[in-house]
Amino acid sequence: MAVHLDLRFDRPHEECGIFGVFEHPEAANMAYLGLYALQHRGQECAGIATSDGQKMYFEKNRGYVADVFNEEILEKLKGDAAIGHVRYSTAGDTRRVNAQPFLIESHRGKIAVVHNGNLINAHHIRKNLNREGSIFISTSDTEVILHLIARSKQKTVEDAIIDALVQVRGAYSLVFLTDDKMIAVRDPRGFRPLSLGRLNNAWIVSSETCAFDLIYGDFVRDIAPGEMLIIEKGKAPLSLQPFPEKPPAFCIFEHIYFSRPDSIVFGKDVSEMRDRLGRKLAQEAPVDADYVVPIPDSGIFAALGYADEANIPFNLGLIRNHYVGRTFIEPEMSIRHFGVKVKLNAIRSIIEGKRIILIDDSIVRGVTSKKIVDMVRSAGAREVHMRITSPPYCDSCFYGIDTPIKEDLIASSKNVEEICRFLGADSLGYLTLKGMLGALGKESWCVACFTGKYPVDFQRDELAQLRLFEKNGAVAVGVVSLNG
Amino acid sequence: MAVHLDLRFDRPHEECGIFGVFEHPEAANMAYLGLYALQHRGQECAGIATSDGQKMYFEKNRGYVADVFNEEILEKLKGDAAIGHVRYSTAGDTRRVNAQPFLIESHRGKIAVVHNGNLINAHHIRKNLNREGSIFISTSDTEVILHLIARSKQKTVEDAIIDALVQVRGAYSLVFLTDDKMIAVRDPRGFRPLSLGRLNNAWIVSSETCAFDLIYGDFVRDIAPGEMLIIEKGKAPLSLQPFPEKPPAFCIFEHIYFSRPDSIVFGKDVSEMRDRLGRKLAQEAPVDADYVVPIPDSGIFAALGYADEANIPFNLGLIRNHYVGRTFIEPEMSIRHFGVKVKLNAIRSIIEGKRIILIDDSIVRGVTSKKIVDMVRSAGAREVHMRITSPPYCDSCFYGIDTPIKEDLIASSKNVEEICRFLGADSLGYLTLKGMLGALGKESWCVACFTGKYPVDFQRDELAQLRLFEKNGAVAVGVVSLNG
Amino acid sequence: MAVHLDLRFDRPHEECGIFGVFEHPEAANMAYLGLYALQHRGQECAGIATSDGQKMYFEKNRGYVADVFNEEILEKLKGDAAIGHVRYSTAGDTRRVNAQPFLIESHRGKIAVVHNGNLINAHHIRKNLNREGSIFISTSDTEVILHLIARSKQKTVEDAIIDALVQVRGAYSLVFLTDDKMIAVRDPRGFRPLSLGRLNNAWIVSSETCAFDLIYGDFVRDIAPGEMLIIEKGKAPLSLQPFPEKPPAFCIFEHIYFSRPDSIVFGKDVSEMRDRLGRKLAQEAPVDADYVVPIPDSGIFAALGYADEANIPFNLGLIRNHYVGRTFIEPEMSIRHFGVKVKLNAIRSIIEGKRIILIDDSIVRGVTSKKIVDMVRSAGAREVHMRITSPPYCDSCFYGIDTPIKEDLIASSKNVEEICRFLGADSLGYLTLKGMLGALGKESWCVACFTGKYPVDFQRDELAQLRLFEKNGAVAVGVVSLNG
Amino acid sequence: MAVHLDLRFDRPHEECGIFGVFEHPEAANMAYLGLYALQHRGQECAGIATSDGQKMYFEKNRGYVADVFNEEILEKLKGDAAIGHVRYSTAGDTRRVNAQPFLIESHRGKIAVVHNGNLINAHHIRKNLNREGSIFISTSDTEVILHLIARSKQKTVEDAIIDALVQVRGAYSLVFLTDDKMIAVRDPRGFRPLSLGRLNNAWIVSSETCAFDLIYGDFVRDIAPGEMLIIEKGKAPLSLQPFPEKPPAFCIFEHIYFSRPDSIVFGKDVSEMRDRLGRKLAQEAPVDADYVVPIPDSGIFAALGYADEANIPFNLGLIRNHYVGRTFIEPEMSIRHFGVKVKLNAIRSIIEGKRIILIDDSIVRGVTSKKIVDMVRSAGAREVHMRITSPPYCDSCFYGIDTPIKEDLIASSKNVEEICRFLGADSLGYLTLKGMLGALGKESWCVACFTGKYPVDFQRDELAQLRLFEKNGAVAVGVVSLNG
């Protein structure tokens, strides 16, 4: 295909899942299954790189994990170490060139990397590197890290990685693969999750523990914020803390919406946290009704908790079509315009004549929620009460959750009453910030999307600049385009 | 791809969904959406044929509806009438040549057809036609109907269709498209569903009513068993009853498992029927426990009914991975062998230390159920009680539900106690035939898969012969292979 | 791709090459190489079918032989017998469904066939078969033969083939492959060539002997007009003459243009025949000049003969671009419109200031010849004399050479002087019919394209009807379209 | 496809053709046709980049020009300026990532480049750049130039290009495209050709003038060795001579073999030069015979010259199969092993019983020549005399002609008599160096492949090192592989 060379710097939004396995005879197969379990974290691209100690092999492409890989391809991914990546990116930037893993072959040997999170100063560093003559291939902020490693004067790969990472700010859970090591790193605030597991004699790392379950692996512990874990053959993993300590800032949205309910994330069971959010919501925003109905699938456990706490029957009045992805991260606008109908259907025999409490995790733009309220009304509901298991979502995320620009978030410009009117619901109740934190525990969460207080200190004008990129898209510099 | 010419006659198993729309300005788009809603009825092939009154256009291919069609293709499918098909076939026969619609251009004009169901005497007719020099292209039994139409001496298309259908026995819901008509037919016993709907001024037909919901159409009524409905422009549909009347035999499995819960099938809400099956099961096979846990997704409504009737909390202890199809109809054996893990995961925090009642719709081979019991035990369940919302499944279906051969059905050779031991469950309870029929109502159901009593009178040795085909696969005759 | 169902009966024009090999351990590889050598006879589709005595395997697709097949595909084409086909078809009908071999699986076992030539009564037979209920898949006239075989009451395959062939009229060189035999047939007049060869212990047949050379095989003899050769394992080929004898009618155009110069066709060396045509032309149409320049590649040997006879230096003033096919059989109209420039370039340093004799095999529409004369003048030629090694081409071929309709042949409406003026040449000379036959020998040639006297007795109005099809294209009946 | 990351530095061998057009409304179409005419210079990859003054568009892929591009793709290549590239590379390195044009987007704007030739110090520079942190994407030496431009401190693109080129040594004909300029450069010795042409108001540049002919453009003059031509809108091209002057070294092999006979290269008609080589050869190495037979296609004009000079009839006893590429640059080893038969066939009726003089341009490994001698003998030749239109080829080319390593060149280890014996010829005659230069004129040619005297002064051990790379392949450093 002819390709128009429009290489804009990525809006700092990427939802991803990462996985690594070291010293396992079927490394590529394990990575494939691990990514499969993490598919909900990114559905546009998938990739695996493996090493047999001497050579590296890789495959990455657009599409679901099950589409990108097949037996023949997996057989070619030789070696007993593998890292993998699934990726969702914003509409319009689904180029294969941005798919991960990235690989470089430097004078320090081969290095492959997968990344979950987003750097907030990538654009600035990139500009400087360009001026010094570095040529970029992708628009991904992950490539900035590779260039910093390549330019580092440090002698070992580990030191070069540290050298590079002290220059970047933002969210990163990373897994590197070299000829003889796997290195897992989490940024000092630990925005995004990363867990360590054990599979027989192999070490495994994953964004979520559900990937361990699938391959019958055991969850060992979380990689700690700011920890660098160096895994070599025949040795216990070496744990370093190379960065200055910072207060942690775990992404609370992983529990509210993003992670799978069967995962343990930041040390907590996701399904249980959602149950608790539902119960707390029942206390904070009660309403009399005939059924508590979740908006599937993210609202299910919260709805079970709400129903039990409120002593109102739970029922599945909305059915998901399983052949579409999640509303939130589906870039096919044409289908989204058709409405939520392709994804959800209301069951008239359950809803007709009833007072319904709808449980959802969040309201982003409000458009989808409005359509669901409409649908439930069309199916004959007497009353529709919307209950949200988090506070009003009013600020963009710059750390790895894809969100619209602030101006497009309905809660950034409307209060609860106005939103309720917009949705056409009989009532609307959000969980309070205090209630949410009470339900989830006192850990240091990143709640910037609810408060606008970003835990990484932005330098002068940087936040404003990022918001501007959001809106306009900045032209990237120094990008070489060798492929369509 | 080089193709090995192994054209075996289809095992008489095809699960399908069919859809038709007549006199709608966006016929192809409506068919696309209709098939989308019917995707659960067949995930291997999808096809649409349209007519603009003079020419016909078609596209069919292997893959999901969303993969086979895109905007560009839909634009080429011109005209205001369309019929469509989704198809699942048994492993090893997923050739594109068997995808529907089928089209012929005869001296009576163009005729396209889609078919849900299976003919039990197709092989016999085919052999005769071969001997007389007919050349077949596919291994589908639907092609037999087309050859009978082509050879009919009747003058009109309608009469030729009737001429053909009186020669076949078995299950068929059919939609034909000609240059100026859409003709919907259901076999005299009405094995498979077929509903009529209205979308503004257009007439629509569909295997299930959920397809009407998606496009904001209205359900009018079921096409009756043995009814032929001829739809022409500017006229009310003409209803004929061209076949001798027979006692109806509605496939009870549509309600137990196959149909979507938000559909109305054979005049009844599927979700409500499943709720009733669950309640009756709670009465017939009670057991004390901490949680009622459905095997998603088919067991959910039955589990809600069971839980409410038994007054035991409902919980979602098993989570589905939405990036795979349903266990029952997924032909990728390599993944099935890996286990149910790629499709289901147990949530330890819910299950650990608890007594669990698992609700499922049926046990086929028993292998999957056994793995689920294992998985729930591994997640720490103290007790696992399996409850099934239908009687023991002990006979193959020859009318359009894909089932293994009788020998592979666990209930054909083991009693309930033996099955329970095989599964490793603490107890196992099936719904009785009487209980099932009590829950669903007194209609004339086909319950052959539970009783072995097949409602179409087989001719001498025919059933034995079909069973033999099941086992060995018979070599087809008279097939021309023009394409790989 | 969405496909518009416009299944018009083929214009009776197909240029093809066919090949067969029997009892060779590498049958598919030999067929591949054989087709490779016959590539000039058809560049749009290629196909091979093989048999291992029990199963048949086949691959066919659009494209060059080297594109359609690769090692992996050839490995899957198992067995020690193979037949193959290369095909050129008229613009607009390049559908894969018409590619050969065709295969049927009948009550007589599997039969595959490849065909070179065209039947003149295919349309008529097809119509009758349609009326009796036969369903056609392709628009190829070859399929008619298969339907006649399928409907034959004869017991053996050989007799059924004879039964079918006595019903058809026209040109056919055919190779059939069954589970245990290879059968080669040539129509009673022998329009198209077919040769028998020997490769170690294997028997080989080919449209041209150049295919034998490539695989180090030996030319044995031509299959005779009207001969049917039945080749079985461990036996000498059995020769039958099942048809009433007719005077032969060898296509003279094979020698003038179509065959490769290194082949022996109808018992004569092609390069030598062309040399003789050139010499005769020098006698019949002399002119003084500086250089004799062939229009490559078909004119080269005639130009060498002309130059030697006329004692005028031969030179290569026109250079072919080897990355395009031959002008005559290239269906890409957009490139043809651009001109002959993409295929030929004149060398100024040779042509400038010189009197040039251009040697070509024929003038069809005259457009290409005119462009070549222009090009040679633009390169500075002082005089351009066109000499043609055959008489004026004034009638369409219905026996397997792709030609325009009569109305588009420049010689059907213009005399030599008018054509010369149209070309803008200083003089134009054709070989006379008598001169041509004198050069090639007294065999019974088909010279219908020069005389309009067609050697197969057409039935009443049949020729007029065929000419009408030529012009308008007749709508096919009874075609089933199972594939795009 | 899974890709094994084996990124070895290119053996310094690439045959290429380059083309550029500036200020033409159909720039992409002209580039397409230009590349089409240059297809013989490289048949593995083709690419075009265009600019509309603001954006750049590109497409490149493996395959022939006609396969890589189609109407749809050409339409997307907008703008009135275009550069293009065809490329042949050594077996095993046909990755798409090495296809040209290369594009970078730097702080100086967008720059695209195409390159014909090879740098001899690329490896050394690359190593240094790696050490300083540059990351390479391809294994092409052309990318080195882009990195040097990116790192240059010069302000304008022109100065940065000069800055980069003064650091490299070797052969380069380059065309750069920026947002508003086209810049053509030829290395100081002018190893590879590059010509300037005019097409209405547009400027065009091309490796060979045959590309001008195809699009009806006019040849203006050669770009001079060491000249940089800057072409801007509405201005006369600006000619610079930014490099220290060096004695020219035109690749003599362009005339002997590589260029098309209808091109003017280094100011001389290729067909005429070959005629002269043939005549000189007839004087230096006469032999009595019946026919002079060229090895097509490169030997044809020399054979015509030889035949005329020697007064022995010219004949075409060897026929080429036009569906394969040239022996010399065809990387499909499996076919080459099969022999020359797939490419050539001997015509027995011409050769049998005759004394044949075979005319070829060169003998490289000797294997192909030996097979041709065998083939001619098998066709019945009484005597076979081989005559070569150049001296013994005994040294590798490092400037852009693909040659085997020195050890594989038969003339590097055998004298003429030994070679003759190896070939099995009755006699073998080479043209002398003096005779060759006498025939072609006194210009300063690069004749390193005949003498081992390389015109670029190699630094200490550099030649030995390059020869070593030849043999072993050196591992590249600093390569990032973002794509398979």
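Lettered A, B, C and D in written order, each chain numbered from 1.
Here, contacts are C-beta pairs under 8 Å (C-beta built on N, C-alpha and C of every residue); 3 or more make two chains touch, one makes a residue touch a chain.
Bear in mind the structure is a predicted one, so any value in this text is a computation, not a measurement.
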{"item": "Labels of chains that are neighbours to chain A and to chain B", "value": "none"}
{"item": "Far-end chain from chain B, centres as C-alpha averages", "value": "D"}
{"item": "Mean-CA-position distance for chain C and chain B (Å)", "value": "50"}
{"item": "Centroid spacing, where centroids are CA-atom means, of chain B and chain D in whole angstrom", "value": "62"}
{"item": "Separation of chain C from chain D, taking each centre as the mean of its C-alpha atoms, in whole Å", "value": "37"}
{"item": "Touching pairs - complete list by chain label", "value": "A-B, A-D, B-C, C-D"}
{"item": "Touch list for chain B against partner chain A, complex", "value": "33, 36-37, 39-40, 64-66, 71, 210, 213-214, 216, 260-262, 269, 271-272, 297, 300-301, 304, 308, 313-316, 319, 321-324, 334, 338, 341-342, 345-350"}
{"item": "Residues of chain A touching chain D in the complex", "value": "1-7, 55-60, 72-77, 96-97, 102-107, 110, 130-135, 137-138, 146-147, 150-152, 476-484"}
